[in-house]
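The two complexes that follow have subunit A in common; it is paired with subunit B in the first and with subunit C in the second.
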Partner chain A sequence: MSDTVRDAPTGSPSSNGLEDPGARSGATRGRASAIVGRTRDAFAATPIWAALVGIVGIGWVVVTLDGGTFFASGNLTNILQRSVALGIVAVGQTVAILAGSLDLSVSYLISLASLVGAETMDGRESMLVPAILLTLAVGAAVGLANGLVVTKLRVNPFIATLGMALILRGYIENNYDRPTGSVPESWESFGYTRMGPIPVSIFLFAGVALIVGTTLRRTRFGYHVYAVGGDEQVSVLSGLRTHRVVIAAHVICSVCAALTGLFLASRLGSGTPRVGTDGGYDLESIAAVVLGGTALAGGRGRVAGTVGAVLVLAVLDNVFNQLELDPFLKQAVRGVVIIAAVAVYAQRRKGRQQVATGTAAA
Partner chain B sequence: MASGPDVPHHPDGGPAPGVGRADAADDDAVGTAVPRLEMRGIGKAFLGTVVLADVDLTCAAGEVHAVVGENGAGKSTLMKVLAGVHPPDAGEIVIDGVPHTFHHPVQAQAAGVAIIYQEFNLLPERTVAENVWVGREPGRFGLVDRARMRADTQRLLDELGERSFGPRTPVRALSVAQQQVVEVVKARSLDARIVVMDEPTAALADDEVDQLLALVRRLRDQGLAVLYISHRLREVFAVADRITVLKDGRRVDTFSAADTTAGRLVKSMVGRELDAYFPDRAAPDELGAVRLAVRGGANAVLDGIDLDVRAGEIVGIAGLQGAGRTELARAVFGAAPFTSGTVEIDGRSRRLRSPRAGIGAGLGFLTEDRKAEGLVLGQSVRDNTLLARRSGAARGRRRAGTTDVEALTRSTELRAASLEQEVRFLSGGNQQKVVLAKWLALEPGVLLFDEPTRGIDVGAKAAIHDLMRDLARQGRAIVMISSELPELIGMSDRIVVLHEGRIAGELPAGATEQQVIALAAGHHLDDVDETGDAVPGGGAPGDDAAGGGATGDATGGEPRP
Partner chain C sequence: MTDATLTPPTGPTPAGDVVEAPPRPSLAARAWRSVARSAPIFAVLAVLLVWIAVENPNFTEPPGFLAFLKRAAPLAVLAAGQYFVIVTGEFDLSVGSLVTVTVVVAAQVLADNPDSTLPVIALVLLIGVAVGIVNGLITTRLQVPSFITTLGMLLILDGAVFYWTDGAPKGSLTEDFRTLGRGGVDDVPGLEQLPWSVVVFLAVGVGAVLLMRANLGKQFMAVGDNDRAAGLSGVPVARVRTIAFVLSGGLAAVAGILLGGFAGVSAQVGDGLEFQAITAVVLGGVVLGGGRGSVVAAIAGALTLEALFTLLNLLGVSGALEDTVEGVIIIAAVAFAAFRLRSDR
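Here is the complex of A and B:
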């Protein structure tokens, strides 16, 4: 080097708050604190759980002041049970959104799944398993179609799945106008059985969340979902078969929706043409995913966040029901909560980005 | 400087050699054996426009081969052919004696070619380890072996001596230089035999450039063939063993770095002798009243800024990256306002808290990133030209200016197929002229130019320079920021040098690069050795080749050992 400018002071590149907490504590303070650090890391990544604790606390106070009992077992059961249907479909929606897509057809698919399941079962215990398999297969087929349209035909997912929703709606409205079929006793009891205050169906939700969450965080497929959703061009250049990843994400999403349909059939005893749309599961599931901290653009987020968000929404519902509030107010508060949450996420990101670019400029 | 006498470096300590690698390449000196990479007669045309014609390029294991040329010379296209992004129309690519035809980047990757692009191919939300192994995650039964992934990444980071971050650091938290290291680690993890770096220092701060060059040498010493694309000659001489010059898609010549000079390179890049042809500076009687005056301007980045710009004057702002040059323009314009101090425009004190306020006060700001900040790429020339005017931000000034798009674009000498053409299809120079027309539609009194000729070809640069001088002659006050010292010196009537957010000093027209650099680096002018010579051709015509950065590639006329 021949010139002096090289040695000139240029800002302060040394400040380096870059290591993530988990890694640093792992290196310096041993394994136990590594786990603490990692837990803190996970907590920081899904602040919705902190919000959940806060909302439960507030709900408890408010309900108690109102003369009710928030922590009564019947009430807890109620909260958990309400979470199951939205929870399962929202976990599936998380996968679709993480992959950079979206699914607006889940509501109608839930209705269809409840109808197909209940009709095939037709009250017969012997048909339980075949009916479940058939319903999930229908879900998988819808997801496959969604995925193919999004990837091969390059239709924007918003439009592709909206189109699928209309197709399913047309089929349902043309063929069903009232509750149809019936589920056998064993399946019906699944929706209502409890172990103490815990409804059995919550294990279905927990199982789905655990499997999907682990898949996303531990498997190659999961890594690829984050990569494709994060930057499709980078993924292509890294040799990923991005179409397959997106299609698989849609299949998972739709299978989850079909599972929700089966669960709702169990609760209602039969298939119902409006069960999905009445629940508003399409927008509600997307709202839960976003409330849980997943980026609508894909590539960033966790199933744990979605689960926390679903619980938050269920607790809110429950508190409002106990307080017997105006339903308009109830919806309005939900809306405010979702918007506020996303605003908080946006602020957090903005802060972090400033830190990052500040480092780069130094 | 050049690698020294022992040009061929070929220790076998590099990554596991891939299949089909010719052993001979490791045993003999460069030139006599099968080179690691041989590109023969490469040709490529896009829509009938020839961008590469009959280009030959070889690179041995343990060699750094620099490819230089002006913008549009075909450097990046040649590399994209090698990377499998663009299949060539003619010619062949031979790697270790084995001919390859690449139709997809993954094929080139498998053959041992790793490219580090100007725009990084990293996922900001994922960790370093996850980025390095994306698509190739180690593991079994579909489960990712995260421990191994991190350990392997750590090992590669250790090999490169990188300690400032670890495998678990999210990429979004890394600086540009650190992200480059991640890209290199990724290349190493692929067992790449050929590493291509496309303008790797374009976005680096000065101290980071040295780190990068050290990294390049390390890769070379590990037996990789490194292709180094750049137009910064100082760096090229610092790392390259051989240098190939491209011009208009053809190979002009290949030099040994030890046997050539910057002057000869520039000459073959440009195809003519360089001489200064900046427009004449303003004569003293051409300067009018002060149109822009800043007193004690300060915000998070800047402090104690005092600045006067007169009608007819072009004031250049110099400084190292991060010194606050762009921040100064943004502060004046109201995009990131001063938090204290005063701004006067045409003698009226103004509180500019937003770009809208700045526009209303008669300011125009040509940002450094015209694609992201200056233009709506998908809209027509006409709509872009009227964008600022239609905002109504300059309502109070409506009597001035014009909505006659044809007249505006004629005044900026825009060459477009029609006014309805989408600006994304225009060349960089013509895009800049649309941005200029956009501001002229408001008849601004003060124009702020931030890197006005970045990414623009030589011919178009001269046109922009002439336009800027004309605008000044018409009585406007102009502030110009540029990282290219020859351009800054050639254009400015005065140069204000920033250092760490403060004004380090002011230099009159005709200052030397040494003076600017010294002030920018925080030295006092007295410390400067005035004997230093400038590039051949002194104030070169704003040419990438001659002056790529504020560090002054031009401090040495030729490589010194």
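Here is the complex of A and C:
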């Protein structure tokens, strides 16, 4: 994860140019003081990280004033652990949204994945790897179906994945009504083991974020995702096989959701029919992606922003918990934060556009 | 494809002369054309209704059919509201939580003042309108995508109402308040009872059709079809979109009043209704992204969805599989609509 973070601010011009015109204009401005300019660009590219620093600072002060200890290792562990489940699915959601689509079926897929995984494992160490592979295959199949419906049948992704969500929900509710299966000890310990204050599972999140982030910003496929999300028609005219790109984006998104399901099975010790919906991962992951600066319409944004947003949400959650804020008030505040953050992005973008047209006129 | 896209915005053209309107076809011809244009949903609805009647002959008697309409009324009202928002190119995900807010707030206030039915109805309608205004202003003035605006509003409303009631709705709805949702006019000739909710449903339907034929309706269509072109032609885009959100919020409150009367107080009363309303509108052939589709078809979409639930129930499909069938049908319907849209061009 830390690599993606470092990678984002110093991103080469070629990777910047694709989706962030603001960064380029920032670079010309920064000629006078290159270092200041670049630092500013770094924050301009993913302002959520600046917000994260700010929120950690405020959280630290507020929690300390309240008589708690923010930087206690237990608390840090808590924050990181909370990020893993939402983080993995949100990274996948980032790919779907960047490609101009979105996935509302992830929370049911998470439940299904936890059930399929735990049922196949059934407490046997020997079945660990087959179960993981099977679960990821189920995820990939769901993603493939989503992608095919969106591209070949031209169903609006909102409806296509909502329909998929209903299909999965019906299947789950018809076949499972209680926690099912059990995970072997090794898989359960994966969810709980820590190295000092760092939970091991954070490396799963970091690994997924690193792989997906690098794929998006360093590979041909990644560029295609940005291109298709930015303007599908232009991509078609440029000779891209846009359908394949969108389908692949959906497969990545669903595989990430399946991974989250496996992780939650490890935390809970078994598969649970409501684990995905109770977490509200569908709307939460979309909110995290958008909070991280990715445009809901696609084509602009990065995984590093999503990772920052997930951490922001986890820190906020943690601070609210430490202050023993009412959970419902917490939810309302979260809603305000999401709207406010996206409003700030929109205003910044508008400002930039005005600057851009201003220079063009001059 | 639709009237609005063909008719230029009203008012003088840049040259200053008034555009000669083409001769208006007769009402019957126009009605037939609009039915033919959005035929699939009406055909599907008809098939479902006949099927239900075969399974359950009671359905052909007025009381049976009215009971169905009564059950469908809240969703139909929500669908009408959602239609306005979708046709202007936006989403409203906050309507489900707004229904919950309506019911919970009404119960809470009525618990202390059991005699103030009318003021409470006015209060919840006001809340709906206020939420719509906020949704509209944030979306249009702050340029937050409506998906995010209304998602945030969903979190805020759900959080706020349960914070206020300490996590569980208290009080109960008075008999007077519930009349709208479950009572009716007795001794109507030919019927045993005409439910109030059916009256409300019809009123909303007629109002929505009239609205879509008025200037504002044409502006909704124009904004949804191409907001830049509409703006350049003098349509106040931000205001028109805000009005759509206000209608959606207000109608969500109406749906909440009906549903509260019909089903009573529960914290889950509005769960998932936003998606059902959007589904109903899309089933009616209204295109997400705006500018196409009729409000009658959207309401027919709501009836179809409700008929589907009724039928699956009659056929003994378990509640769980109902979702699966619903999911498949939604995807199929929209795929079919997308296919038709392509062959239209």
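One rule holds for everything that comes next: the second predicted complex is superposed on the first by the 320 of 362 C-alpha atoms of A that agree within 3 Å, B and C clash if a C-alpha of one lies under 4 Å from a C-alpha of the other, contacts with A are read in each partner's own complex, and residues count from 1 in each chain.
Following the convention adopted for this analysis, contacts are C-beta pairs under 8 Å (C-beta built on N, C-alpha and C of every residue); 3 or more make two chains touch, one makes a residue touch a chain.
Because the structure is predicted, anything quoted here is derived from the model rather than measured.
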Partner chain in contact with A:L162 - subunit B first, subunit C second, else both or neither: second
Contacts of A:A227 with subunit B and subunit C, given as first, second, both or neither: first
Which of subunit B and subunit C A:A332 touches, first, second, both or neither: second
Subunit B versus subunit C as contact partner of A:L65, first or second or both or neither: neither
A:M195 touches, of subunit B and subunit C: first, second, both or neither? neither
Residues of subunit B defined as touching subunit A within the complex: 1, 105-106, 109, 121-127, 130, 134-137, 139, 142-144, 146, 164-170, 172-176, 178, 205-208, 210, 238, 320-322, 500, 517, 520-523, 551-552, 555-556, 560
Residue numbers on subunit C that touch subunit A, as the complex places them: 91, 138, 142-145, 147-149, 151-156, 158-163, 167, 275, 278-279, 282, 288-289, 318-328, 330-331, 334-335, 338-339, 342
Subunit A residues within the subunit C interface of the complex: 149, 153-156, 158-160, 162-174, 283, 286-287, 290, 296-297, 326, 328-336, 338-339, 342-343, 346-347, 350
Subunit B contact footprint on subunit A (complex, rising order): 1-6, 8-11, 13, 16-20, 22-23, 27, 218-224, 226-227, 230-231, 233-240, 295, 299-300, 352-353, 355-356, 359-362
